[in-house]
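Note that the chains are named A, B, C and D in the order they appear, and that numbering of residues resets to 1 at the start of each chain.
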Amino acid sequence: MLDRMIWDKLNEECGVFGIYDHGEAAPLTYLGLHALQHRGQESAGMCSSDGEKWYKHRGMGLVSEAFGKADMAKFRGHIAIGHTRYTTAGSSKIENAQPLFFRYAHGSMAVAHNGNLVNASVIRRDLEEKGSIFQTTSDTEVIAHLIARSKSKDLPSAVKEALQQIKGAYALLVMNERQLVIALDPNGLRPLSLGRLGDAVCVASETCAFDIIGAEYWREVEPGELIVIDEEGVTSSKFTKKAERSICTFEYIYFARPDSDIDGINVHMARKRLGKQLALEAPVQADVVTGVPDSSISAAIGFAEATSIPYELGLVKNRYVGRTFIQPTQELRERGVHLKLSAVRKVVEGKRVVMIDDSIVRGTTSGRIVGMLREAGAAEVHVRISSPPVMNPCFYGIDTSTREELIAATKSVEEIRQLIGADSLSFLSVEGMLEAIGRSDKTASRGHCLACFNGQYPTEIQFEGALPAEKC
Amino acid sequence: MLDRMIWDKLNEECGVFGIYDHGEAAPLTYLGLHALQHRGQESAGMCSSDGEKWYKHRGMGLVSEAFGKADMAKFRGHIAIGHTRYTTAGSSKIENAQPLFFRYAHGSMAVAHNGNLVNASVIRRDLEEKGSIFQTTSDTEVIAHLIARSKSKDLPSAVKEALQQIKGAYALLVMNERQLVIALDPNGLRPLSLGRLGDAVCVASETCAFDIIGAEYWREVEPGELIVIDEEGVTSSKFTKKAERSICTFEYIYFARPDSDIDGINVHMARKRLGKQLALEAPVQADVVTGVPDSSISAAIGFAEATSIPYELGLVKNRYVGRTFIQPTQELRERGVHLKLSAVRKVVEGKRVVMIDDSIVRGTTSGRIVGMLREAGAAEVHVRISSPPVMNPCFYGIDTSTREELIAATKSVEEIRQLIGADSLSFLSVEGMLEAIGRSDKTASRGHCLACFNGQYPTEIQFEGALPAEKC
Amino acid sequence: MLDRMIWDKLNEECGVFGIYDHGEAAPLTYLGLHALQHRGQESAGMCSSDGEKWYKHRGMGLVSEAFGKADMAKFRGHIAIGHTRYTTAGSSKIENAQPLFFRYAHGSMAVAHNGNLVNASVIRRDLEEKGSIFQTTSDTEVIAHLIARSKSKDLPSAVKEALQQIKGAYALLVMNERQLVIALDPNGLRPLSLGRLGDAVCVASETCAFDIIGAEYWREVEPGELIVIDEEGVTSSKFTKKAERSICTFEYIYFARPDSDIDGINVHMARKRLGKQLALEAPVQADVVTGVPDSSISAAIGFAEATSIPYELGLVKNRYVGRTFIQPTQELRERGVHLKLSAVRKVVEGKRVVMIDDSIVRGTTSGRIVGMLREAGAAEVHVRISSPPVMNPCFYGIDTSTREELIAATKSVEEIRQLIGADSLSFLSVEGMLEAIGRSDKTASRGHCLACFNGQYPTEIQFEGALPAEKC
Amino acid sequence: MLDRMIWDKLNEECGVFGIYDHGEAAPLTYLGLHALQHRGQESAGMCSSDGEKWYKHRGMGLVSEAFGKADMAKFRGHIAIGHTRYTTAGSSKIENAQPLFFRYAHGSMAVAHNGNLVNASVIRRDLEEKGSIFQTTSDTEVIAHLIARSKSKDLPSAVKEALQQIKGAYALLVMNERQLVIALDPNGLRPLSLGRLGDAVCVASETCAFDIIGAEYWREVEPGELIVIDEEGVTSSKFTKKAERSICTFEYIYFARPDSDIDGINVHMARKRLGKQLALEAPVQADVVTGVPDSSISAAIGFAEATSIPYELGLVKNRYVGRTFIQPTQELRERGVHLKLSAVRKVVEGKRVVMIDDSIVRGTTSGRIVGMLREAGAAEVHVRISSPPVMNPCFYGIDTSTREELIAATKSVEEIRQLIGADSLSFLSVEGMLEAIGRSDKTASRGHCLACFNGQYPTEIQFEGALPAEKC
């Protein structure tokens, strides 16, 4: 399991959803956001328009908390975009909730964005020197300023101009009263898919948002593609010639919902294959296979199928506790109170257990889970990680992390094994991982961003001074 | 999947938790209730005492909603009981939240109860004729009145007297400022387990509540057993000679959490065996096995292991939508908007699918899921139910249901198959089910209540006039 | 200004409202409770019936907080009663909110009650010995038990039987699905008036509740009167022969709203006359008259009119701060931060100020206000109290107060003057007070309860053991 | 009583508060906002800084609703500004809550503003053409953009540059991490006072905010004055030579709290003098004087003192109903249900009543109150208005109002009298009003803005296209 605390610093995923030409644009966007809820629980927001008026609401918390019945009742219109934002400690404020809404010389616009720019601070300083003021620290506001400064009265042209100035990762939705503009960065680092619901076109970070509203999957948004949807229909163009897919591999490993297809590949099935590949690369004699819920269940089932060791529910997540305020006291902790995860004694007692996890970042959590399995009576605990060691920070979502925090950056596999107290430990190879995910691209990296594994960043990195504090 | 709407009428499960002699009795009870949250989302409540004063709070909704930070801060004491109540349409009121608290001639008491009495209305009428007044329609208040009318000053004796008058299903916790009294009905219809956390003793509807607080499982409460925990220690006695376990089989099939042990048997593993048995009894040629989440996943994995047909995530539950107010309009429904469940096209398209479900009550939901799989492209849908047909109402939790609502009471398996639109349909046999669950009791029914399957009710049934409206 | 903290212990006023035979019984009761809000901010509740079904809701806080839009939407029926409860530290619980609702041998009933019984603990012990259980410590539940134990199937007869057993102060509303029963204690200690709205009859603690709904005042409920309103019309009878009005004088002095008529006398005008009488009894040379808001404003205007000293706004209440959580730190307090009341410098600077207050209980608050006026530059502060010294506890609403807490019970007027730091201090005489209020009764005390002033309690007092903790 | 609905369109008052160099800057600002609550119930907000970090919160509703305990707990710092915003139908959004916070080339700033610019739309268009984007429609954001576009790195200089471009009414607070900058428009249209609390300096729209925190009044902010408070101390300068006080007369008549001093004159005493002057100008034979609460009470007392007709509580405001959702149905309305105001029958029945109101805008409300007094039995109703007829719109707070809506703009006093159904009607003269308020300025208008009475606007008016929708 990716240690959430560290990963929260590394990567702040968000979810975006948009729809054009549906009489129930806002309720459908609301449902789409529900499906994308795993990509952000900090805040949610939505804008819609009926061609003239705007309808807007943003709120803190889950979609169901951010939107009350009265909030929803006021929405109208046939065009809408929505956004869910990830929880990161400290920056939990309504100001950061998206979509952001702006008025400028040529009208009004709303912007929703998933990803991180790598030259935002440079552009921001430049804009401020020209007199711009900012209300948030978000990259999204930088993009909006660039759009507003375009001489072009036409929103799509203004967006295109802005995109030519920014670098990094972005799946971007911009709307005004008449147009929905969609763009994906030239490396296609973040997922973004198009769907159809009758005559309406919708767009979402993951295809699970289409399933909930009964829309059909249409196709991926291409890297470097700009799509405009309005009365004229759907118009596609490329805003750059150097576009090449380098999709974030962690979407398959950890982030995305198992029922989503990322770039055409079902995530659950990719994870099962990662588990099977792991069984090939690092087999072990054992009695039961168990996965760290929720993200490692599919890989564990794959491992079990490949080895014929039965898959069992050795670890269980305490679903409701995540939303409580109770923290175990030191005394309770010593007595073994585990709030988020429990080991199931009947399942693991006296057994040789294979524990499948999707990744190791700092190692603390993995060590704690191994300990829980042993306390519950496991005879042996063999840890198998369904991804390679994470050795480099991610700049497409980074906050403050440094290489030192990444345990695999400074320690050998054997050192990590000792640290987490496992009987054995294996990671998946980069090659095995790519083989298992099975994307068909014929480029060197087969279309993946592997930067966190091998340090090869698909874009130039350009930060200035302190790293910005709040991103999405 | 048991159709929840019907089943809500049939059975209103609750969760109870108690602890004695722990300095953090209330926080631990709060965590225990979190673990039992699946047994009741309507309301939650807790009482504690420090030997003199009482601390009480009840609220509507999930545990995390019912208890605010300020509510928790005021709790003190070393003895506590808690309760979570199931959602049933219409009777969602704070008055029905438990534990109920009463003052009577010999002091004060709090009562938490899971189960339904079958002679409550008869006793109630009798008590009212003697001048008693009631503030709720719950069986629990009837029990409290019987306790209060005892001549005995001693709480355990008074409880024992009360129990000798009531019939039906009950897992009962009663506390005063010094004693925790635990009782289970003579048929042991509802589960109730004891645990230990250091010197403290705890009791819970399911063992998953012990895991979350780091307590060890100790033993089951026996049918007809009365346990008193106080300064003297733990005192056990039998309040009836005719005690014989007839535990509700649906706890294994559907209700309990997979990581709980019910009467010593792990629920996940029992469900896997139900799935394996189903594979033996009703094999089928197919490409993928999928389970209706959440309760049928374990059985589906068992079926997959037994048949070597790969287990896949063909159906996904939309976790967060359950807590929203949005209802799809007729138009949306026709376009295929599915709020609670989605079929995963990539997984099922062109495939022969085995769909494992835990039960069929009215059949409506099963039909809808089969339809969703077909819409997503499934070539064939073979439904396998990991329990026998439900043909009789349950009087240990009944509200208003009649035999007509139970599809299996009036239709043959072939008729049901046609109705739900499956390519084939099989139920598990009663014998196969008992074999798979694998309880070791040597009585005829092997310790299970099978009334809903075979009509043999383990207790006499004694209702008077209209059935009572609100139960737990 | 009556020191609220002490007075809260002395007297817990509540407000009651009922209506029969109006299609909007519940909305009108809701408005009536709004008008009676000053008699209770802790909780509010309402029951209504359409002749068959019951509709009920109770909540914490102000009426507007206790009832949400959804709560109100569900109410139906032509008969309703409501209740607002006063805030008292510690006993702020939903269980204590009224109306209380009960089921008993002859049906269901709801009860709302303002006042305190003086033999509740004796009756309660007796009932508990007969097997009754209680869910609250309120006198109201005692009354309900007595009603339920009557052999009479007829609600009015059962109520009459119950009333013959209780002693103390009560303005009581009881309803079932068809009848509204109204009763006032034999001394008429609490106010209770009847009104008419078209064909409907309504009843309220104060007439201001009639004004808000546009009802006309009809008449007072008489001491010892039992009124039944049902399909037969309005039936009045006496449940005791020894009935004689002894209305609580503090209703005029402090509790009631100035626009209410208590027993036919307008409260604002009575207070103005109290102020005028005070000017006659204790005149003073001064520049401005100011009243401690809100309850002393009318008396201050009367004093000003009688003396021709101009009335000015020398003290202002900070209306909104009452509902905040901020408490000034010690440092802030020393710097003179006054949360609830401010003195207005421009008005009092260099002036001889007459400060009119309605009463002095412990004296602490009065001393603080005198200090504020001096800090704001008042040259002299002459305190005039528009009631006599409070020397005895009130048993018609008492909790725990003792004679020691009443400053006038142990100190002379001169000692109190020194303690509060006034240049002069005068109280109104008992005779002057009675003259000013001007009730026409020709009995010795002229129909008032003067117990807190002269120790002559209109009823026998019968407590057993500790005083009950929660009353209304 | 100024008809609130119309006046809401005419004028949107707000309240501002700031403090520098106090360890409890935020709690004190919170209390200051409570005192200014009557100037805005729509939203409240606050920013503070400890010299490095920012602490910010804004919320909807009353101060006590907008700030929870947790919100307050996080505030730190010695410098803070706060804002309360008035309720106007339709524009009730969190985005409009102030202070607004901005980041720009030279750092960060927060801005709180009371008043309306008359050239905002012109500046805004110009800024947008240069590429600026706006997130609100508020004038405040326009001011912030002007500050940000200054070449000056120094906040006070940048503010000064901005002020030289804007026209209209503004009481402005701007802060960064180290400086509190205060400015008042050259006509001093809005009130703004300075206070001292120990070593700390505070600033507020009204002096009642000083009283609540125990601060001493220091002096008024002068028209056209720019005050900088930082480590260097308090630095005052003038940003324009053409400064001359024209304070809004309605602050005295209606808006301000009676215990505030506006430009050194106590509001309650000014209102009493308005009432006395009215008695001189328009005496009448009558039995009682009553004021329309709350704003006309002081004038009514003045009228009563001058005429020796007793002041009585003939009209009472239903305090709590303002915050409820219940609207009387047509049927209830016809039966005379009055939610906000009641006439007190005992006080007015058979009497000749003088009804004092502060102003008449559309006349609808005045007519309704006269009707209520007659229904309650008043023999005659003589309406006396403590201000002159309002004949011109206010452009220092205007939204959409036109001259047609102002009844006095198109009808004679006699026509208005007939319309509202009074026996007689008189307004105060402009001269009498100025005499009564008694400001000492020797300019023609004696320092008042009288535009709404006489059409002489103290500034040029410069609107472009549609009037902006949301102001403060």
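Basically, a residue touches a chain if its C-beta (ideal position, glycine included) is under 8 Å from a C-beta of that chain, and two chains touch if they have at least 3 such contacts.
Note that the structure is predicted; figures quoted are calculated from it, not measured.
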Least step count from chain B to chain D, where 1 means the two chains touch: 2
Measuring between Cα centroids, what's the chain most distant from chain A? C
Cα centroid separation, chain A vs chain C, in Å, comes to 60
Provide the C-alpha centroid distance between chain C and chain D, rounded to the nearest whole angstrom. 36
Distance from the mean Cα position of chain D to that of chain A, given in whole angstrom: 48
Of all residues in chain D, which are in touch with two or more distinct other chains? none
Given the complex with chain A, which residues does chain B contribute to the contact? 23-24, 27-28, 30-31, 34-35, 37, 62-64, 69, 72, 197-198, 208, 211-214, 217, 257-259, 261, 266, 268-269, 272, 298, 301, 304-305, 310-313, 316, 318-321, 323-326, 328-329, 331-332, 335-339, 342-347
Interfacial residue positions of chain B with respect to chain C in the complex: 56, 94-95, 100-105, 125, 128-135, 137, 144-145, 148-149
